[in-house]
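Quick notes on the structure that follows.
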């Protein structure tokens, strides 16, 4: 390339105050290959751009360097201008003589010399630039939603309502997630089930939604617009096509004393069961671990009583493959099981709180089930130990959360609000009862949240004690809570009938394994990482994968639903085009020289490098080389720095371009 | 530069096991070829010079009688299995005679997808040591004629080979001369080291024997042969030589199996293995990485740990 | 009567030559080896053992600039190297296998193109040869028509004497002039007792017959047998006194740099690689065959000379023990049955 | 110029963190020495040790390599790979005899304009006090004896004779 144009911007006075722009232009004219150089007050202005376009035409420029502000500011502007002038946009480079020069130096001579050097470097670079064509990849307009809680349901419905196919995968036998377990929701105290179950029914009835419950993601291949997902449908032992959901099997099942997980083990369920009466789909599943038929072969009652003959003991796990273009991850959360002290983890547990040993020390979700009208007690609040109505209940906030020394330093965000809600629900059901709350701070940002919290104290007479709990122990039929009241500066002991712990919110078990399958990043707690905390809060760094709900960090229902709709909007933006256009800064393999050591594959964080077989005309395998899938490559270039023979090169940042810059030193 | 230690008395090393190994290699090679388990065997045969041994590729069971193992079997035969030697690979399935140090190279090559374990039959040879460069091949193996790498060998027995032949004699304690040299260099100032290496590299004539015998220099197109852009000047003169040897050491870091062939073949006596050893030592200290006898999925420079040392980064 | 020079006077001669402004190149100790290098004084001379690299560098440097260029807005500026600036040189202590080689190479460098870089250095160099007194099993000068006492290529020839010192024989006028120039350093002796010359093993090979055999055996199993193991380095060619292939490379940038002439080797896979990617010598044994053919056939075809002086360096330093002496002997045996129809002369170093 | 010797310093930086950090220093109008020349890469993972070598050979007196803090890499793990690569490469250079004071590494985020200024200023001052790096550039003019048109060392010896 021997016809290069250099355009030097004064940026008003921002550059020209410290840099002698005319002198830089004069120096540029002396550089080999520069056929045109000029300076102008505002290159980015309309007349500035016109000047550039004219010069490209008049001087038949083959490459241009705009010496102005940071490329982060105006690279796009000038590349567009170059394109409008008929030049490939990637033949335009910016020399940053403002942020990196005029704004940071005060000596005019030095700054001018540096600006000249910067221009020279970019002139040499642009000489080695190649025309690049944006990469287009076809888009499969079908979305995968992982997780059937409120986040997954919301995203699925939004996308499906927009007319796109959705595949919803849920690990449990029913969708609904945690929201289906809740009693009433803050700050309006409307019934969770009442708002949740219709959404669940919408999902199952939606013609655009394919629902896979009792299923897990086995593997993920492909890239944005073109994912291939293998889903493992676990054996339900009930043929979904035949089952009418009549429920006879469940009634007749002789195994009735299996703790009900949905009710936090407060009640029981049979071996063939639906997790809760409003489950979607309303098809039972056989718990093979507890079913007598599967344990010793001696039963088979459910099969005998099933009219449609839906019970199938022979059913096997099944792998199915779905093609999708985008993925929304909405795997939700679990509550910190404080009795747990996982090996090798920083999590230390709270043995001193007696959770798991003292029956009347429960967590928040168990309290939700006690308070729920559809729960095991029909909404009556009783003590798990003896069924008596508790008259003094102590709620403890921040159990696990914000406790660096215990291994978790983040705030679980929803506990302040749901504890306030719990005190209200309790007061509404046990009028003569007294609720105490141990708290560190009350965090109530959110519409009507603070009002709600104040109502708990002022109207519902909950006693809030600012302080930490040090120990909880059984004393007769009471549970003694020892803590401090730092407002008064005294130690407090409360003999309670029931203790409710607001334990921390953690990502679901297996969140890390799923992230590895998806190729997305996660933090040290296994919460998934968004691409940018502020500007890309629902996108993963891996293109085509979006986040919704508590899997990304603790959040309440309104936030979860908002994020789910946001993720759905992102998916729909992606689906609005048939072809996906990407900046062509991707790595390419020189197949002639690649020897297939696959070091590039080992260092690629995106799984963009594949093995490619080179065959002769007879179809005999000659050798295996690396292949970079341009749809997946994100353009970091780590592969090229790793490749010993540089047989993989990153377009836009080739060795030739870099070396050319260094030659100017 | 010589070893700093006191001159050690010359000790003869018992190589009676080599005759046993020769017999076993012959019968195994013959069997493999007769039973058509492999199409060719890469081994050593005697050369014209008395006591010499040179690499050979045999395809006929009758040729198996030519195979030998002796202290003159200095070559690392794993290079014949790399993609750089397409004509050898084209012969079909290969068996290869490998000392412990050679097996490390084979393991490294497998880790770099150059071939699969099942594609190669490895005839491992128990080895007490081989000759140093420049030793007349018919000389006995002694503490004076043994190669530097063998003085510090930790892989006398090639564990993991398909068959291990020969037997290990009682080995004398030998001073680790290379280690001592490395320590001596480490103790120098950077300026002194620069002068040392400058002198060494200035001698380099860029015959590229170091590259060509290296099992890991199997690139189709060496970066240092490239003209556009020219990463390293190709002319044999001080600046290009310095660049070449730095780039080579860096490209081998975390891959080199320590066979020291580069140093053995250097006609200009440049102690190239010092660079490789230094890199290996650093990789061990930094990332607990060592070249081993079994393939590793990723090397130290194709993997990372979030907790890696970064004390050098501000 | 013979001219004799003492060891001490030989060193003084070197000092005097240096003082006279000449560059004196001779074997010099460098670590464990000796190497032909410019001597700073006569005391550095380390005669007798075969230096690691041959003496061809005195005429044909490993790498030299042949022009430099610079491009600016006014165009391209090219600077040629002034061959007149090459120093007057005396190469001292060259063993017969090294001393004989330049003569062989002269043919190619003064053939259709006169390579002034080589020729000017040749014209400015006087060679003081040295009779060879020790041979090892890789030596084979006697197989290719030379001998440890051969004066070919030398201007002055030294023979080490049993009691120390050397007897001196002027082979050319140049040698005579050298003798005449420093009469005080030489004495006359009626009788001299030379140290017995080296005796390389092996009988001379009929190179004419070998050539005929090669002509008929371009495709022969022997090439695979002897050279499948070749790893493709340039050690043989770079150490060889007679290999003279070079590559022209540009170093620097498009704007400023130099054009250089660097040693090249036919064993390198890139040596014959075409721009298209096709490589006519696609495997290593074909490349080795070319080296052998070039030495014992092609060069003879063109210039009537054998391109090998039997120094044995390529045998000693081949990483994989490729043995040109053994191959030559084997082909020599095979060729005995061939009829020498073309009447070649056996000795081409004349 | 205010000093006898103004070093040439090359900074190899990633575009997402350090380049942006340097931009921030600009928008914040922080002042620092003008010696540094920035070469932008998408990620420190792209930065090849060969570039460092080349820069030294072309006359750089000091080099800075800077990217995103661990865990902040825009490309997930590029800086982790770079960290290992350069941990090893600097050891190699040190072993060859390069003074590591001339080769600096840093993490500078997009928010750390101040840190950029600090690092560039310190490095410039340090290199300025060390003087020019001639090790590599001296080699550029050297030849093997046979290719040398003149041999200064020998010439000195000859002149003495």
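The chains carry the letters A, B, C and D, assigned in the order they are written, with residues numbered from 1 in each.
By our rule, a residue touches a chain if its C-beta (ideal position, glycine included) is under 8 Å from a C-beta of that chain, and two chains touch if they have at least 3 such contacts.
Please read all numbers here as calculations on a predicted model, not as lab measurements.
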Exercise for the section: Could you let me know which interface, A-D or A-B, is made of more C-beta pairs in contact? Expected result: A-D
Practice task
Would you kindly tell me how far, in whole Å, the mean C-alpha position of subunit B lies from that of subunit A?
Solution key: 48
Handout entry: Where subunit A and subunit D are represented by their mean Cα positions, the distance between them in whole Å
Key = 38
Exercise for the section: For subunit A and subunit C, let me know how many angstrom lie between their CA-based centres, rounded off. Expected result: 71
Problem - Chain centre separation (subunit B, subunit C; CA means) in Å - result: 31
Problem - Set of subunit C residues in contact with two or more other chains - result: 62-63
Problem - Multi-partner residues of subunit A (each touching 2 or more other chains) - result: 592, 603, 642, 655, 659-660, 663
Problem - Junction residues of subunit B - those touching two or more other chains - result: 205, 223, 230-231, 236-237, 301-303
Exercise for the section: Could you classify the connectivity of these chains, where an edge means two chains touch, as line, ring, star, complete or other? Expected result: complete
Problem - For the subunit A and subunit C complex, residues of the former touching the latter - result: 30, 32, 592, 660, 663
Exercise for the section: Show which residues of subunit C lie in contact with subunit B when the two form their complex. Expected result: 30-33, 52-53, 62-63, 136-138, 228-229, 231-235, 237-239, 249, 251, 260, 262-263, 265, 268, 270, 283-285, 315, 317, 319-323, 325-326, 329
Completion exercise
The subunit B residues in contact with subunit A across the complex are 83, 112-114, 218-223, 226, 228-231, 251, 297-299, 301-303
Handout entry: Interfacial residue positions of subunit B with respect to subunit C in the complex
Key = 47-50, 52-57, 75, 79-80, 84-88, 134, 136, 203, 205-209, 211-213, 225, 227, 230, 233-237, 240, 261, 264-265, 267-269
Practice task
Using the touch definition up top, name the residues of subunit C that touch subunit D in the complex.
Solution key: 15, 18-19, 21, 23, 37-38, 40-41, 57-58, 60-65, 81, 85
